[in-house]
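In the two assemblies presented below, chain A is common to both, partnered first by chain B and then by chain C.
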Partner chain A sequence: MKNLVRTNEFTLAAVAVVGFATLAVATDFNLLTAGTMDAFLSFLAVPMVIGLAQMVVLAVGQMNLSVGVLTGFCAMASAWLMVDAALPAPLAVLAALALGALVGLLNGLLVVFTRINGFIVTLATMTVLEGLRYGVHGTGTYQGYSPGLRAVGQASVLGIPVVFLLALAVAVVAALFFRRTVSGRRLLASGGNPFAARLSGISNDRALVLAHTLSGLLAGVAAVIVVAAFGSVNASIGDDLLLPSFAAPIIGGVALVGGVVSVTGTVLAAFLVRLVDVTQAQFDINRRWVDLIIGAVVLGAVLLGRARERLTGGAR
Partner chain B sequence: MTTATTPPAAPPAPPAAVAGTRSRTLPFWANPRLGLVIVIVVLVALFSSLTPAFLDPRLTLAPLQADISVYAVVGLAQLAVLSLGHMNMAVGRMAALSTFAMGLAYDRLGVPLLVGLAVGLAVGAAIGALAGLVIARTGVNSFVVTLALDFGLLGLVTILYTRATDGVAFAVKPAGLAELRFDTFADYCLGEVCGPRVPLVVPFALVAALAVGLLFRSARLGREILMTGANPVAAQLSGIPTHRRVVAAHALSGLLAALAGFLLAANNGAFSANIGESFLLPSFLAPVLGGTLLAGGAVSVLGTVLGATLTQVIYKGLNLLQFSLEDLKLYIGLVLLAALSLDRMRAVLAERRAVSSS
Partner chain C sequence: MSVVLSAEKLVKTFPGVRALDEATLTVSAGTVHALLGENGAGKSTLIKLLTGVYRPDGGHIRLAGPDGLREVRFAGPQDAQRAGVGVVHQERNLIPAFSVAENICLQHLPRRNGLLDRARIRAEARRCLDLLEVDIDPDAPVSGLSVAQMQLVEIAKALSADSKVLLLDEPTASLTGDEADRLYAVVRRLCERGHAVVLVSHKLEEIFAVADTVTVLRDGRSVAEAEPLAAHTRGQIVDLMVGRAYQEVRLTPRTPDPTAEPALVLAAVATAAGHHDVNLAVRPGEILGLYGLVGAGRSELAKALLGLKQITAGEVRVHGKAARIRDVGDALRRHRIGYVTENRKEEGLFLSQTIARNTAVTVWRRLSRLGLVRDRAERALVAEYADRLGIRLASPDQLAGQLSGGNQQKVSLAKWLAADCDVLIIDEPTVGIDVRTKAAFHELITGLAGQGMAILLISSDLPETVTLADRIAVMRDFAVVGELVNDHEYHRMSQAVIRLIHGAEEAA
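Entry: the complex of A and B
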């Protein structure tokens, strides 16, 4: 019990519950009405998945700067397939996922074969993808594609949006992957101590490629959610996702050096950031205060983690 | 000539200042700086043959030199912390905050141009030092700290601009700003002798590059920063106050970011909120193309200036050939990947040859 209370996840959960309750009371329970709740959860789906996409590469001690732009590119590509190539929606969705995974795979292969730092490689691919994302349809906007997909994007089960359930399912799968599967454990072992991992017969290169591929795949999932839930996409999608993609795992207690992941922490952190967003919208606060607050929260969370580590003497 | 702006920067950072042991054992063609010079020369020749307008001194070359000045200083701002193996994700926003301070000083206090610059540099150094202090005290990864700072400053700068100005920029134009923006040395003559067509902002960048080069090459402070970057534990055991060196490097980064913000404001002719928005990618491009590692412990100032020159030559050239901004990004990214892969291949080949010949 004591151990549970001390975890980062517990602190985050407590803060999330208290924050949510406070906001609900402060808005005269307007927050709990069906419409508001629906919007709250729908817009939580993308930050959750994108945070997980970053978390997967952080697990092996890498970073993926291309994650936001890749989401935008996949979204534009699948919209193009539906509108201009007149492909059915399921195929376009599969194509978005495959495209994300493919770009991720390329990132991974570049990192492994050139031995260039992943930060730089993804910085370069981010720049390339920015050009490609724009190249799909210029400054134009795609809308009015596949009514079926739009219906899925706006549907809800028992008052909970389907896209949020999808994001939650992705999180569960990610958690199971890191906890139960051999590949997931290998990824973490390689991230925690590459040398020891190699001596134990784990291919660090394979772990790097796998992590980048999964990260790309998750960016593809985020793209599908964007296309389904928003109803219109243009070349600016993904621009504002890069910083939140780091904020969620870092607040959630994922170490940048690799070897440690926390799916629950990442999801809770995305929830908290969303809470700050909604507070801003509800009280009509200057949008810019949100950035200020999130910056403070990121730093505060990391400092808190440090302090806790010191107090417990690193007894983990 | 575009390349004419770079040779004066050569003295501060001979390759020997970079990875001293490697340059002694490897053949000269393994030097990434040489490759950059060749690529720049080839590209300049290519662009000038495709569009003669590329060699127009007034319309192309003077603005190009002004752009190179800005982005070379941006690269140096990142280089200052790369020397430690750190990153500064807030480099653009530090520039934005500093230029806000400059604009405020000109607007409310009516200070002369250089005094305002000094105010901005002080603000930049202070915010950089703050980042360095948090990193040194808590031991938290520099990426996280400066990322959080970037978030915070993003909000702060916008709020400050909406409070202090009507829109997104200061209306004030301090005396001398217009000259800094439009004039070249060719506009100033001593009798018969006129200066070259070099914009007035170039000397600022040159002085910065020389100073940073000298710092890392000859000054005790710079050498100690590099040692801290190469091996913090060894540096500490050798009696180097590593915490203070971390703070110093980050303060230098903030100061250079502020200078870059000032130069961009001079080029644009206004102190506006969007300054620094486009700094993050070029800040890494220039040093990394120039052969500075992310691992810390070795820097190349000349390489950074050359890296900035290369990117700006590509931008300007493709721009003249009427490529759209988004196409430019595509090609810049591909060039970066190609350059890095080639660099890697060259290093591997050179190492092999060094091994087989010894």
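Entry: the complex of A and C
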């Protein structure tokens, strides 16, 4: 029990509950009305998944700067497939996922074969994808595609939006992957200590490629959520996702050096960031303040992580 | 003799552990003071308190000043350094790309007009190196030095701030006998100049050769305080450390079958690391000791065997069949060869992960069902090996980083036993490990051989090699210069080994 209280996840959960309750009271319980709750959770789905996409590469001590733009690119591509190529929605969804995974795989292979740091590789692919994203349909907007997919994007089960449930399911799978599968554990081992991993018969290269591929795949999932939930997509999608993609795992207690992940922490942190967003909307606060707050919280989380490490790690 | 450093009733508590429990240390000028104790007795904690890395929870530290002993409170390591307490930690703390001189002066680089004053850096470094009477070029980059030279640079660095007290934590752990002798000659000279040296080492032979007084720690308390070393025998010191009468372990005698087909053969092997014409064979149930000076290429040979360095000529045979080993995974899964590294912290363990994960890392696939690793099977595995190897753990979920050195080494070994290897390469199994755990390790290794495992034992500890090995291959300059059948007569064997090393020197 005492150990549970001391975890980062517990702190985050406590802050989330208190923050949510405070906001509910401050808005005269407007927050709890069906419409507001629905919007709250629907818009939480993408930050959650994108945070997990970043977390997967952080697990091996890498960063993926291209996650946001890749989400936009995959969204545009699948919309194009449905609108211009008249492909059925399920195929367009699969294509978005495959495209995301493929770009991720490419990131991974580039990192492994060129030995260039992932930060730089993904900076490059981010720039390339930025161009490609506009190449799909210029500055135009796609809308009016597959009513079926739109319906799924707006549907709810027991008042909970389906897209949010989907994001939760992704989180559960991610948690299971890192906790229980051989690949997931090897990934963490490689991130935690690549030398020991190599001497334990684990291929660090394989771990790097896998992490980047999964990160790309999750960006594809985020793209599907965008397409389904928003009803219209244009080439600016993904521009504002880079900071949130880092904010969620970092606030969530994921180690930047690799080897330690927290799915629960990442999800809770995404929730907190969403809470800040909603506060901004409810009280009509200048949008820039929100970025400032999130930026400050990220910095604070890193500093807190350091302090925690010093308190618990340095023993003997 | 005047007391220069006095630590009284120091207390330091970490979550769940009282690492120091009113420990006392009194050091006089001009003496070498041995600080002894088993792993986990609190030596490292004490050193970290004396050097400002940690702050004590109780007790006080006094240092000699112009007006006698005065209490000091260090805010950090620099503070301690400035007050005249220099330290050489067990881990290297040099910047490889910087020159010797820059490393020595790193803590207080002299500046002129806001820029580095290179002339003064060099002069200051030269002064420190001269104090040690060693011949190292201050302008040479540290990356090009030998381990022994780096150790001397570390000492020069510790002296650069006019240290009155110098703390040396396992200074000879990675040095050969000769290099250690030279290092201790330097230590003696420093004492003659009035410095006080506190020496932590697991090598009792060295302690008795060089130290004047001794403090023994056990479970965070001082069980002997600044007593003259000459008044004690080696056995008495060990008893003090262990806390009960210590008996030399009688190892179970083994008789490996000399006609058995070797499990591992190296035939005229050459590697990209520089080995040439290496011929070795290990039979099941046999321990082959691979002895040599540090830098003779023994660990590199092990790594070449595992596919981490390229084999350029010759042949490796596993159970009689020519084997091309690509990587450790290949060695492990196809050929059942395991490698226990000498750097358990850097290469052997995932310190930020649980003991369970560390033990099962090699066998997750075997432990999984429907693609998921069974946690219960993993825990059972850990319990089994904790029991077999005597690993003291609070829970399988404890982080590997929280274990003591000896227990970490056992975990690092456990993962290979779990993987069911028939050939085990063990590299320096007992470096930095206390006497009792060391004996347990020796018994363990012998036991593994007794069960039919073929063991290649790489060790720089000659007594250890003579205790354990059936045959001893001696390596020098990336070649095997001779092989001896071990008759376990320490005196005769050690002379034969040394002669082999020297013979090669004359021939070269």
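Basically, the second predicted complex is superposed on the first by the 310 of 316 C-alpha atoms of A that agree within 3 Å, B and C clash if a C-alpha of one lies under 4 Å from a C-alpha of the other, contacts with A are read in each partner's own complex, and residues count from 1 in each chain.
The rule we apply is simple: a contact is a pair of C-beta atoms (placed from the backbone, for glycine too) under 8 Å apart; a residue touches a chain by one contact, two chains touch by 3 or more.
Just so it is clear, the structure is predicted and the values come from calculations on it, not from any experiment.
Q: A:182 contacts which: chain B (first), chain C (second), both, neither?
A: Touch partner of A:182: chain C, not chain B.
Q: Answer with first, second, both or neither: which of chain B and chain C does A:120 touch in the superposed model?
A: Touch partner of A:120: chain B, not chain C.
Q: Should A:256 be classified as contacting the first partner (chain B), the second (chain C), both, or neither?
A: The first partner, chain B, only.
Q: Taking the superposition on A as described, I'd like to know which of chain B and chain C A:193 touches: first, second, both or neither.
A: A:193 contacts chain C only, not chain B.
Q: Please indicate which partner A:203 is in contact with in the superposed arrangement: first for chain B, second for chain C, both, or neither.
A: A:203: touches chain C, not chain B.
Q: Between chain B and chain C, point out the one touching more chain A residues.
A: Ranking chain B and chain C by residues of chain A touched puts B first.
Q: Enumerate the residues of chain A that count as touching chain B in its complex and touching chain C in the other.
A: In chain A, nothing is touched by chain B and also by chain C.
Q: Using the touch definition from the top, list the residues of chain A that touch chain C in their complex.
A: Where chain A meets chain C, its residues are 176, 180-182, 185-186, 188-189, 192-193, 195-203, 255, 259-260, 312-316.
Q: Touching residues of chain C toward chain A in the complex: what are they?
A: Of all residues in chain C, those touching chain A are 14-15, 17, 19, 40, 44-45, 54, 306, 308, 327-333, 339, 341, 343, 346-353, 357, 361-362, 364-365, 368, 371-373, 375, 401-402, 404, 415.
Q: Applying the document's contact rule, which stretches of chain B touch chain A when the two form their complex?
A: 87, 134, 138-141, 143-145, 147-156, 158-159, 162, 281, 284, 288, 294, 324, 326-334, 336-337, 340-341, 344
Q: In the complex formed with chain B, which residues of chain A make contact?
A: Touching chain B: residues 63, 110, 114-117, 119-121, 123-135, 235, 243, 246-247, 250, 256-257, 286, 288-296, 298-299, 302-303, 306 of chain A.
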